[in-house]
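Across the two complexes that follow, chain A remains constant while its partner is chain B and subsequently chain C.
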Partner chain A sequence: MPVAKTTQTSPRAQRPRGCDEDVAGLGGGRALLFVAPALTLIALFLLFPAVWTIYLGLTNYRLTGLAASATDVVGADNYLTTLRDPSFWNSLRVTVLFVALSGVVGQSLMGFSLAWSVRRLGGWARTALESVVLAAWVIPGSVVSFLWIALLDRREGTLNALLHMPGKAWLIEHPLAVIIIFNIWCGTAFSMQLFSSALSAVPPSQLESSRMAGASGWQQLRDVVLPTIRGHILTNTLMITLWTFNTFTPYLLTAGGPGRRTEIMSVYIYKTAIPGGHLGRGAALSVLMLLINLVIALAYMRVGRSRR
Partner chain B sequence: MSNAISGGKNAAEATWIEEWVIPRFKEAQKNAGREVDVIFEAQGVDDEDYKTKTALDFQSGKGADVVSLDGIWIGEYAQADYIKPLDDVAGAVAGSWDGWTQIPEAIQGAASFEGKRYGVPQGADGRVIYYNKTLFEKAGLPADWQPTSWDDILSAARAIKDKVADVVPLQLNAGTAMGEATSMQGLLPMLMGTGQHLWADGAWAGDTQGMRQVLDLYKTIYVDEGLGDPILQQEASGRDTSFQEFAAGRIAILFEGDYFWRSVINPAEGVGTAPMADRDTVVGYAKIPARRPGAGINGQDYVSMSGGTARVLNPNSADPELAWELLAFMNSVEAFEARAAGTLSISPRDDVNAKLLASDPMLSFVSEHVLPITAYRPGLAEYPEVSVLLQQTTLDVVMGTGIDDVMRSYVPGLEGVVGADAVTSGN
Partner chain C sequence: MTTALSPGRTRRKAWTRALRRTAERIVFVTALVLIGALFALPLAWLLVAPFDQNPTMAVKWPQWTLSSFQRLMDNPYALTSILNSLLIALGTMVVVIALGTLASYALSRVRIPGRDALLYAMLLLSSIVTGTAAMVPTFQLMNLIGLINTHTGVILVLAGGLLPTVVFILKDFMDSVPKSYEESARLYGAGPGRILADVVIPVARPGIAFVAIWSVVQVWGNFLVPYLLLRDPASQPAAVLMYTFYTESGQADLRLISVFALIFALPVLLIYFVVNRKFGFRFYGGIKS
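Showing the complex of A and B:
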C-alpha cells in the first residue's frame, strides 16, 4: 500500500503545474497505460497495414513466379507504370462518373426526396416505406447482386419480360448506367435516414411563419429547410462520396466488364493485385486511392469551415 | 484440395474422392497398422479464383497436403518456391514409384519444371469441335462432319444461319471474361492452324501474319458476318452460359476440350452442369482443321491444344511421406478404374487407358487421333500474362476494334511482359 501511494504522489510532486490539465488525476504513466490497449490495436490493425502497404508499393512483389520468392525494391516504378497505364486513367474516369452520378447526385437527391415526401406520413405507412428502403441497404451485397442479375438477365430476366424486350443485354449494352442505378438503389437508405432526422430538427415554428408569410413549398424548402440542414447535407455528401469511391459491390454484377467499361478503382486494384498477380503494383494503387480519399475529405472539410 | 465439388464443378471427381479415395485409403492404412484421417477440401469456383486461393495457401505456409493444380501453373509456383520437386518433399520413394513407367514422358512433362517432377499428372486432354447433329440436319449438313479448313467451318456456320432460326451458328471463345478458355479453345488452336507457334526459339508471337489471320477469323465470325454471338463472349458468366445454350440446342458449333463431353454435358446422374440426355446421338465431334490442309504447325492438317491438371505435394505438409502415399494411391490402377466408373477420362497411365478407353468412342477418338497432333502451351512463367493479352486482343476484335489498332496495343503490352527483344513481328 505505501508503495502505491508514493507512485501516485511522486509525479504530482515533480510536475505541480500538470495538476490543472490532469483532470483524471492519473499521471502521465498511468494514462498511457490506460490507452495502451487501444493504441496497440490501432498500431496493429491500422498503422502497420498502412506502412506495410506503402512498403509493398515500392516493391515488385508478385503472387507467383520468381518475384514472389525474391522480391526487389523497385522504388517509384509501380507509380510510374500506373501513371503511364491507360487503364488506370480509364478506371479513374469511370470512378469519377460513378461517384458523381450514383453517390453525390443519385443517392443524395433520392434520399432527400424520400425523406421529404414521407415526413408528414405517420404510423404504419411510414414504417412500411422505410423498411422497404432500408432492406435494400441491409441485405448483403452478394444476395442483392444475385437478385439484380436475375432482374437484368438477357434471356430470362424479369425486366426484359416486363418491358417485352427479349434479348436486351442490359449488363453488356449499358453497364455503367446499370451499376449507377444499382448503387443508388443500394445506398439511398442511408441518405433517407440522415435527412429524415435532419428534417425533424427543422423548427416547425419557422416553417409555420414562412407559410403565414405566403411562401410556396419550394420557397420554404430553399429559404428555411436547406439553410438549417446544411451541415447534414455536407456530412451526408462526404460519407457517400467516400463510400461510393471505395465500394466493390458492382464487381459482383459486371466483374468490371464488358472489357473495362465498369472498372471502378477498387475493381481495377483487385484485378491488378489478385487475378493479375501484381501485388506490389496493387499496393501502390491502394496508396494512390488512399491519397485521393484524403484529398476528398480535406476538400469537404474546407468547404464546411468556410461556410460556417 | 481440388477444384471439384459434389453437385457442381467436376462433381464426378469430388464424388470419387469422397466415396472411394478417402475410405479406401483409410482402410489400406488401417491394414498397415495406422489410423489416418483424410479431409477433402472441396472448391467449386472459376479456375482463376482457384489459382489465387492455392497460391495464397502456399504462400502463407498452409493448404492441403495434396493439391490439384493446372499443369501450366507448375512453373510459376516452382519459381515462387511454393512447391518443390517430389523427390525433395517425399524423398526417394517418390522417384522410385512404379507408376512412372506407365506415364509417357510427354505427359510427365506437363507436371514438371526444368527437368524435375513436381507432381503427378492427372490425365491428358485435347480440343475438338462439337456440333449439334439435329441442327446440322435441319441445315442440310452431314451428320458425320469433318471440316478440313477454316472455310469449311465458316460455310457450315453460314448454312446454319441461313436455314435454322434462333440459333447461334458458331461460338469460338473470345474475350477476357472467358479466361483461359479463350486461349485454349479459341485463339491458340487457331494460331497453331496457321503454322505459327506462340513461343518458339526464345521469342513470342507479336504482330505476325498468323496472329492477324486468327484475329481476322474472329472478325469474320463476330463482326462481319454475325455467325457468333459477341455479347455472350462478354458476359461475366459467358462460358457457363455457352454450355447451357449448347445443351439446349441453341448453339450449333462449339470449340471445347474433351472436358465438355465427359463432364459438362455428361448425362450420367450428378456429373454434368449442363447434362444432355441425348448426348451420344445428338452431339458430334470433329478434329480442328488447320487454316488450309497442311497449313498447321509441322505441316499438319489438323491441330489441337492440350493441358491437363496435376496433383502436387505441399512442401508445408506435416507428414510428407504419408501425403505421398495418398498421392500414389490416387494414381494407382485401381484408383483410375474407380474414377472411370463415375466418368471416364483420359488417364495419364497407358495401362489404364488400354483397358478402359475402348468403352467411350469420344475419348478413344481424342486419345488416338487428337493427342498425336496436339500442342502444349509454353511452360514459362510469363505465359499466364501473355494469355491475358491474347484474350484482350480477341475481346477488342469482337467489340469492333480494327485489327491494326488491336495490334498497336497488343505488341507494346507483350513487350512490357516479356521484353522487346523476345517478341517476333513480321514473318
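Showing the complex of A and C:
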C-alpha cells in the first residue's frame, strides 16, 4: 500500500466558514451512507491489519505445521525470541544505515544540490537533467531494479565495461553500498522537486541585499536560504525517512542477500513471515515497524500543522 | 584606513577573480554533467536494448531491429500480465473514485460529528499502515475470506490503502465547488443524488481526473501487494512477472525482458510527463510514492 503522499496534509485546513453548509439537502443520515463504503474499506484494509498485527504478534501462528491448525497465544514470546535473534539486530543495523545514508543524507543532499544548481541553469540543460532524475523516480521498481542488475552485471555490465574492471561482482562484494546508491538514484526526484519549489519561494530581494553586503555564495545559503526553507527541510526529511524505512524495492535487487547483508526491515519481515512461515514472529516485527511509522507520521503532522 | 592600489595590482586582482570564476564554472558544469550521466546511465539500457538485434547487459549502440517485439507476442504470460496490470489499475481506480467521490462530497457538505478527527485519523492510519508493515495480517485476512489469488483481493487492498489520501484530496476540490450552483439546482427540484451527478461532479472534474491518474500510477508499479497475494503466474501483473523473468529463468532472455520493461514503463512515463506539463508543479509531490 503506497503511503499518503501529499504535501498539503493538515486535515484542519483553514476553510472559510460556512463551507459545510448543506445546500444540497444531503442530511446527516444520507451523508453517513455516502461515507460508509469508503470507511468500510479503510477499516478492513488499514485499521483491521493494524489491530490484528498486534494480536498476531502475541501468537505462535505459522503457515504450516502443528501451530497452523492450533494457534496459541504465547504472550511476549515472539518479542523475546526476536530480541535474542542476532539476525534481528543485523537487520536493525542494516536498516539504520540504509535509511540514514540513502534517505536522510543521500536523497536530501543530492536533491537539494540538484535543485540549487539547476536553478541557475536554463533551457534544455535544466529540462534534460530534471527529466532523467524524474524518470528514475517514475519508472516502476521492478524495471529500475533490473536496469541496475544489468548495469552492475559481473561479466558484461555497463559499469565494469566503463571502469575496465571485468569480473567485479558489485552486488556480492558491496551489496549494502549498492542498495544505498540505488535508493538515492530512485528517490532523489522527490527532494529535488520539493526543494526547487521551496527555493523559488525565497524572496530574491533578500538574496540580492545579502549579495550587496558582500556575502559569498556559501554565506547566502547558510544565512538567507536555509533559515527560510527550514520547514521544508524538516518535512522532506520526515517523508524521506518514512518512505525509505518502508521501501521493499531493494528486495528486487538483492533479495536481502548475499547472506543477510542487505536484509532491511521490510525484507526481514517478508522472509520471516511468508517464505519462513513464522507469521506470528513476522507480525511482532510489523508491530515494531508500525510504532516507528507512527512516531514519524505524528512528527510530520505536527510540523505540517505548525507551518500553516 | 583605505589602501590605494596601484593600477597593475588592481588589474591582476581582476584577472585572478575572472580566472577563479571560470574555474568554478568548469567544476560546476562538470559536476552536473557527471550527475546527469549517473542518472542517465541505467536508463540508457531501456532505450536501446529493446531495439537491438542481440542485446547484452551492457549499454551499447544497437543493431536496430523491431524483431524483439515479436518475442513479447510469443510469450504466453507477457501480454496477459500487462492486461492484468491494466485490470488491477483500472479496477482500483474505479473503486477509489466511486467511493472517494461519495465520501468526500458528504464530508465536505455535512458536518458529521468528529469529522476533522476522522480525517486526521484516516490520514495518520494511511501513512503508518503500509504494505510492508501490514503484510502479515493482509495475507492472513485474504486467506481467511478466500480472496487470495484473486484480482478482487488485490484491488480491495490497494483501494483501502489509497482511499484516505483520495478522500483528502477530493474533499479539497469539493470544498471549492460554489454553493450557489447547488442552491439553484435545488430550486429547480433536483435531489442530492442528481445534484452530485449533474452539478458537483462536472465542476470537480479536474480533481477527479487528477486523483484517477494518481491512483493508476500508484497501482501500476506496485510490487509487494500482488507479489504477496497472487501466486499464479497467469494472474500476476507486469510488476511481478518482470521480477520472475529475471530471477527464475536461469538464462535471462534479454530480448524479451528489454521489450517487456519498456512496454511496462512507458505508460507511467507518458502519464507523468503529460500531467506534469498540464498541471505543473503543484502536483509534483503527490503523484508517485
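What we mean here is this: the second predicted complex is superposed on the first by the 251 of 308 C-alpha atoms of A that agree within 3 Å, B and C clash if a C-alpha of one lies under 4 Å from a C-alpha of the other, contacts with A are read in each partner's own complex, and residues count from 1 in each chain.
Keep in mind that, in the parts below, a residue touches a chain if its C-beta (ideal position, glycine included) is under 8 Å from a C-beta of that chain, and two chains touch if they have at least 3 such contacts.
Everything numeric here is computed off the predicted structure, so don't read it as measured data.
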item: Which superposed partner A:P49 touches (first chain B, second chain C, both, neither); value: second
item: Touched partner set for A:M212, first chain B, second chain C, both or neither; value: neither
item: Contacts of A:P258 with chain B and chain C, given as first, second, both or neither; value: first
item: Partner chain in contact with A:A201 - chain B first, chain C second, else both or neither; value: neither
item: Winner by number of chain A residues touched, once chain B and chain C are compared; value: C
item: Touching partner for A:I274 - first (chain B), second (chain C), both, neither; value: both
item: First, second, both or neither for A:L298, with chain B first and chain C second; value: second
item: Partner chain(s) touched by A:L171 [first = chain B, second = chain C, both, neither]; value: first
item: Footprint overlap on chain A, comparing chain B with chain C; value: 255, 274
item: Residue ranges of chain A touching chain B (in the complex, touch as defined); value: 62-66, 68-69, 154, 169, 171-173, 253-255, 257-259, 274-277
item: In the complex with chain C, residue positions of chain A that touch it; value: 1-9, 11-13, 15, 19-28, 30-35, 37-39, 41-42, 44-50, 52-53, 56, 61, 110, 114, 117-118, 121, 125, 128-129, 131-151, 153, 155-159, 161, 185, 190, 193-194, 197, 242-243, 246-249, 252, 255, 265-266, 269-270, 273-274, 279, 282-283, 286, 289-290, 293-294, 297-298, 300-301
item: List of chain B residues in touch with chain A within their complex; value: 48-49, 52, 55-56, 59, 73, 76-77, 79-82, 175-177, 231, 234-236, 381, 384-385, 388, 395-396, 399
item: List of chain C residues in touch with chain A within their complex; value: 28, 31-32, 35-36, 38-46, 49, 56-59, 95, 99-100, 102-103, 105-112, 116, 119-120, 122-141, 156-165, 167-169, 172, 175, 179, 182-183, 185-186, 191-192, 195-196, 200, 217-218, 220-225, 228, 238-240, 242-243, 246-247, 257, 261, 264-265, 268-269, 272-273, 276, 281, 284-286, 288-289
